[in-house]
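Okay, so subunit A shows up in both of these, paired with subunit B first and subunit C after.
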Partner chain A sequence: MNNNIFHPFVLPFVLGMAFVLTYCVVGLIRVIWQLPKEDRKQFLISLVTPKTIWANIRDLFGDCLFHVKIWKRNPLLGYMHSSIAFGWFMIIVIGHVMLFTLKPLEGVEVEGFARSFTNFYYPIFYKHFATETPVFAFLMDFFLLMIISGILIAVVKKIYSKIVGVKRVTKFGFADNMVRFALWTIFPFRLIAEKSNIMAFWWLYSIDLMIFMCMLPFTRYMHIPTEALFILLRHAGLKAREPRKGFALAQLYSCPSCGLCIDACPMSVNDQKSGNTSAYFMKILRNGDMAEAQRIAETCLMCGKCVLVCPVSIESCDIKFSQRAAVPYEIHSDHSYLDVISTEAEHSGDPSGARAFTFGEKISTKPKTLYFAGCMTQLTPKIMRSMKQIMETAGENYDFLDKDGGVCCGRPMILSGKPAEAQAMIAKNTELIKQSGATKLVLSCPICYKVFKEEYHLEGIEILHHTQYIDELVKTGKLKVGKGEVNYVYHDPCELGRAFGVYDEPREVIENVGNLVKAKSEKVESICCGGSLGSFRLTQQERDEITQNSVDDLMFNKPDEIVTACPLCLKTFSKKSPVAVKDIAEVVVENLQANN
Partner chain B sequence: MDFGFCLSPSSHVKMDSVDLTTFNRLKETNPDVNTCIACGSCTATCTAGNFTEMSFRRILLMLQRSKEEEAKKMIQRCMLCGKCTLVCPRGINIRKILLDITR
Partner chain C sequence: MKENIIIIGGGAAGMEAATQLQKLGLTPVIIEKSNALGGHIAQWDKLFPAFHNAKDVVSKMFDNVKDIKTYLNTEVTDIQRNADGFHAVLSNGEAIDGKAVVLATGFDLFKAERKQEYGYGIYNNVITSLELEKFFRTRKDERINNPKKIGFVHCVGARDVKVGNTYCSKVCCTTALKQACEMKEVFPEAEVYTFYMDLRMFGPGYEDLYLKTQKDYDVKCIRGRVCEVSEDMDGRLVIKAEDTLFGKPLRMTLDLLVLMCSMEKNKSIDKIQQQLGVENNSDGFMQNRDMYLGMNDSKQEGVFVAGTCTAPKSLPDTIGEARSVAVEVFNYVNNK
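Coming up: the complex of A and B.
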């Protein structure tokens, strides 16, 4: 064996590399195998669809290599991650370019690219084997120093995480800590070995690499290889169906446990509750502790903030849904009684208990707007009254779908992991809405809005939240409002803002009737009110803590009134707020101009 | 002896023979059921109660009288909309209790 091209110290590295590659190939086959048949087909088709190919390339570079989302979150954190990951990547790439552009090597018969396979360890230890050309030497040293600068930030972050804008970090177990330590020491060892060429450091460097790679599959660092697969699966438009299989499994392994979701989660206002956040949920589910995973899945408020702040875009809410749906229920819902509801008039007053939903006579030729208040708005009748007044003033041809109590939209049932059992309610509402002859459906409750948008098939009927509807009325001049002097702060309801990006319409409405001041956290960052129907396990006290935190956040710029667009937020805030809490419809009614 | 009339059969529940296993198990996992004052706010707001006899207050009562089958039948009507939980003056997490009974 030629000493210029081989040395026993490369063996630990080769061993680690072989192990991690085998693990990744087996894992890849496992994930694809576990996908349901139609999902697998969809995935394979997406790999050859030009649109998804472009999205894949964009995100593979943007997310895996340049970490754009982390840069956006915090530039220093972005630099920390990029310098290590991108720097390492560049060292490997430049090393290989160097390998196949080199003059014929002693003892190496193959030429060009083929060397990357026969002598793949060469670039990792190149300084030991050959003296390099100055340009490559500069680039290699540059990126190595860049990595070490990133590691320095990482070490400081470990001691004082606020330096990168992170308040709480994930707590790790032994394996994660050990691999992290291995990662931190790999590059200083390499630097020392390269500069001094002392054998002991080459060995330490190689053994460090082996530890890193052999333990990688059992730690959070598995996100490095898995994220690429996850991006491909995500762009294929798949959804997690089972909590620990197929797509969900790829997501579990893609979670880097970075803990950005810990600060974002409304539950971690209480430090003891930060164990309920997605970072821990993913870890626990990955380790197979199903009882604990179930507990967290049922505690989560499903506000969706962790999904939006996640630098990997992991759909943790979908996994929690599938976890909820995985629980077997002994008793299933029976909503067949909904058949008693009918729009046929002869049923009214029927002693059998049949109900008639009567819609107003079609006097006007104007297109009809149907207003569905929803369960939560039934508990806050002032919203209903305000909406009625708004529609009257605007001269709309309107009707109420649930004046005397309607059927639930089905979203709470879906949230509890029983999507099939929500179908009876969805079918009944669809039937009633279609019979009403309306062309526009206005909803006051974002919970309903989400399910109507996603689960209902109401072709030809425009579905609007009342913020959008009011905005439309004001803009088209049907509703004339005056600008008051009150300072309002707007709270973005989770299922309106984060779920559908309805951020601007309510703000424009408020700016028309008063002054809009900013909250501390807005739009994507808005904090759940704590009343969410998504959670089953949070107790009233735990919810109150979240509400208080959210109210404090809204009161940051000392507004005169809090305005929201969700009856549930309204009810929840009213308990804790030091100022009046109002729905956007009420605020508009207060500022209606007399000459409408 | 037939007098042509009789007393109607007693409808009272014999508490000595009542099987409280389900209710006791529920109390363990959801201690807040103990705080219910049977005010009936949950029943008054119930969306399903608008169309049927669904009443959470009665479900609790049925379980305490070991009328489990009736309680389970009633629970099937629930839409889980959560109005009951919102209006409960004692802050009882009714939706969780309902889900736990059906498990």
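Coming up: the complex of A and C.
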């Protein structure tokens, strides 16, 4: 064919490639530079730790190339993504392999730097310069057609997104749409150019590549190179600390704006509110609209569903917390009239402040269980009463940590981006719990459970949510329950289910006392009740819409009662539910056997 | 029968509207779902601000409607608009035609169980304002056992975003003070506290009642909401509140807690309301055409509203509206 190994049409591609490579290298240095010192150290160590190396390799292939998570969500959507990503990857790899297996081109002598420079574009345009062996020809054509098949699905998806199980898609601006169009046309142009060798198509192909690469950093397609870095950082166990720096920055650029979180978000029940979803939050924060980013960060319910459905595993809730913390706000209330609760043990006897907790009233050799109801359960005395009855019926040696009121677990302060205030409460509770000599801490509020699991250091004390605790009591035979005829549906509280994967224990408890029917959306997919403390900004009306949607979802199989395991969900659902809403502890007490 | 006016609801508004419509020469028909006329007010013992017997007022109303056709234990199951007005099918199988419909369907009392933190239905000594009124009538309630310390909680289910009711229920402030005084009369030794956000003494003689409550009856009014109720070892109630005038949180042990439950729209009429095309306002009550000159008109022609189906109202307000709706209906029928 053509013996020359250069043609001016390769220049747009070379230009684009040079630009995007430079941008990525600068970006990489910037992200790593912005990491706090200890995070950077942790990151570098993780790169040589065998366990993380394996996880990195697994996810680099599984997530970046094969998109396993998208396959699981919808196979057609998975095929669309992996055909383009994997196909493109293979074309590049095979192209380069060919370079080394083919003989130098006839009559052309290129050595040293010139040769390497040739390598840079050669595999991209090789058909113009040389013929390949049949095996390679087949492979290259195969993967090219694979990519084009993926693009065809993408075009259909653009017109009718429901074909891949997506109801709402992200709305894009000019740059994103233009790059998308470039991406769609690159491979058809290449195919035509390769088959016809018409110069105009080689030019179009190359210019398309240039447009794609030059605009890449300013669009969502930046996720393609960034995701790889994000996977490495994620496996190092880092957490976003500042909303637009370091790890968070890598996440912002890794978000593909695919919009899977839009359908998942409980706020999307109202179409006009779907702009509050993580896909838009990430985009807005990336573009630096800080006021709007702050607004969304404060609106979010923090139910965590977007994090779990995200094919890239972006920790958008963490970024929203860091955004909240980034804007300092004053607390204007004057609470100087209140007695300050000292964190020192000897002062806790002050009757006007934190009342002294007298442990060990009951002398027993049994290991002690400590029950902490928390503020929300204090407001739902039925749960507290049921827990007391359960512990007494089971013959447990227990103490009630906050029977006469106690210190908040600290989570509301964390949610508000006030970690220092939260730490003061955590310190006080830690001291009280350690004093008690208990070996087990039981919580009936998932909000508390999350903070006790994540922020407290209670070595030697097992932390259980009451669903797990009751399940344990039933399984060990300490608590005898009877199976009734009532059909229950179980609602997974966000901070128990999605946050800790406690899905089975509550269901097993319910199956022991009645019939468990399924909700329309369960476990990971369960819909926030709408009452979450996470949001500062949602109006009552907006919350009510979310609650109604969640109740409708639970009522899908017409249960007799709704059972939940969170006092806040309980209160929220009670407003809208057509049937009784109960806590799991109440339902268990209703079905206790007489011979306990 | 074409001059029939269908009045749904036989409480104060329905009875008074029927009385006036009859005087204006029309034929009102009252459809009441319960087994007696009188609505909520018939369950009341005394009326604020001057401790009138509710019975006196209600029996006069009963007297006024004794010749008016009344269906008891009857609900409207279906209602259709036709060329002459409305055709209503009743739960007893009968059907009636009417020129116009007056919705006088009143309110439901807020279900106190929904504020679980106040412990109604959980602790024995928590009762509602309605139950206390019944106690005043019958002097029988095993939960009221010579209490030494009594608390009243205002705004239960009202002005409370968390239960979804942001509106003021209007009458509970004065009712609480009235009931506090009455409790003091029944149990002179008892200490009585009321926990309020604001005391909205909007009517004639109400402010005087407020002063009397404090001066003559020694009831202590504390500005602050009760946040939690629990039970101590002896089964007494422990409440937590904040005295916002002193800026101090407080904790108090009580023998009896009375919850001043708010009004919510009577939801049993939802289906008929929907058939008639009458919308709800943002508080969940029925929407009238406008709050000044169209307060008795719904947005649907020939469908009128009166009493607490549009908003919480006191008895005098309700009677006033019932009388004005009669004039509106009269004008509507005559001009048609």
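In this section, the second predicted complex is superposed on the first by the 552 of 596 C-alpha atoms of A that agree within 3 Å, B and C clash if a C-alpha of one lies under 4 Å from a C-alpha of the other, contacts with A are read in each partner's own complex, and residues count from 1 in each chain.
Everything below uses one rule, namely that contacts are C-beta pairs under 8 Å (C-beta built on N, C-alpha and C of every residue); 3 or more make two chains touch, one makes a residue touch a chain.
Bear in mind the structure is a predicted one, so any value in this text is a computation, not a measurement.
Novice: Taking the superposition as given, does A:Met425 touch the first partner, subunit B, the second, subunit C, both, or neither?
Specialist: In the superposition, A:Met425 contacts subunit B only.
Novice: Please indicate which partner A:Thr185 is in contact with in the superposed arrangement: first for subunit B, second for subunit C, both, or neither.
Specialist: Neither: A:Thr185 stays clear of subunit B and subunit C.
Novice: Have a look at where A:Gln540 lands relative to subunit B and subunit C in the superposition and call it first, second, both or neither.
Specialist: both
Novice: Between subunit B and subunit C, whom does A:Gly405 touch in the aligned arrangement: first, second, both, or neither?
Specialist: Both subunit B and subunit C are touched by A:Gly405.
Novice: Between subunit B (first) and subunit C (second), which, if any, makes contact with A:Gln378: first, second, both or neither?
Specialist: A:Gln378 contacts both subunit B and subunit C.
Novice: Please indicate which partner A:Lys571 is in contact with in the superposed arrangement: first for subunit B, second for subunit C, both, or neither.
Specialist: Touch partners of A:Lys571: subunit B and subunit C.
Novice: Spot which of subunit B and subunit C makes contact with more residues of subunit A, would you?
Specialist: Answer, by number of touched residues of subunit A: B.
Novice: Looking at the overlay, does A:Tyr337 come into contact with subunit B only (first), subunit C only (second), both, or neither?
Specialist: Both subunit B and subunit C are touched by A:Tyr337.
Novice: So which bits of subunit A does subunit B touch that subunit C touches too?
Specialist: 334, 337-338, 378-379, 405, 540, 571
Novice: Can you check the complex and tell me which residues of subunit C touch subunit A?
Specialist: Residue list for subunit C touching subunit A: 114, 116-117, 119, 122-123, 161-164, 166, 227-231, 240, 247-249.
Novice: Residues of subunit A touching subunit C in their complex?
Specialist: Listed in rising order, the residues are 334, 337-338, 378-382, 384-385, 405, 540, 544, 571, 574-575.
Novice: Looking at the complex, which residues from subunit B come into contact with subunit A?
Specialist: Interface residues on subunit B, with respect to subunit A: 32, 45, 47-48, 50-52, 72, 75-83, 86-87, 91, 93, 95-96, 99, 101-103.
Novice: Subunit B touches which residues of subunit A in the complex?
Specialist: 298, 327-335, 337-338, 340-341, 353, 355, 375-376, 378-379, 404-408, 410, 412-413, 415-416, 418, 425, 531, 533, 536-540, 568, 571
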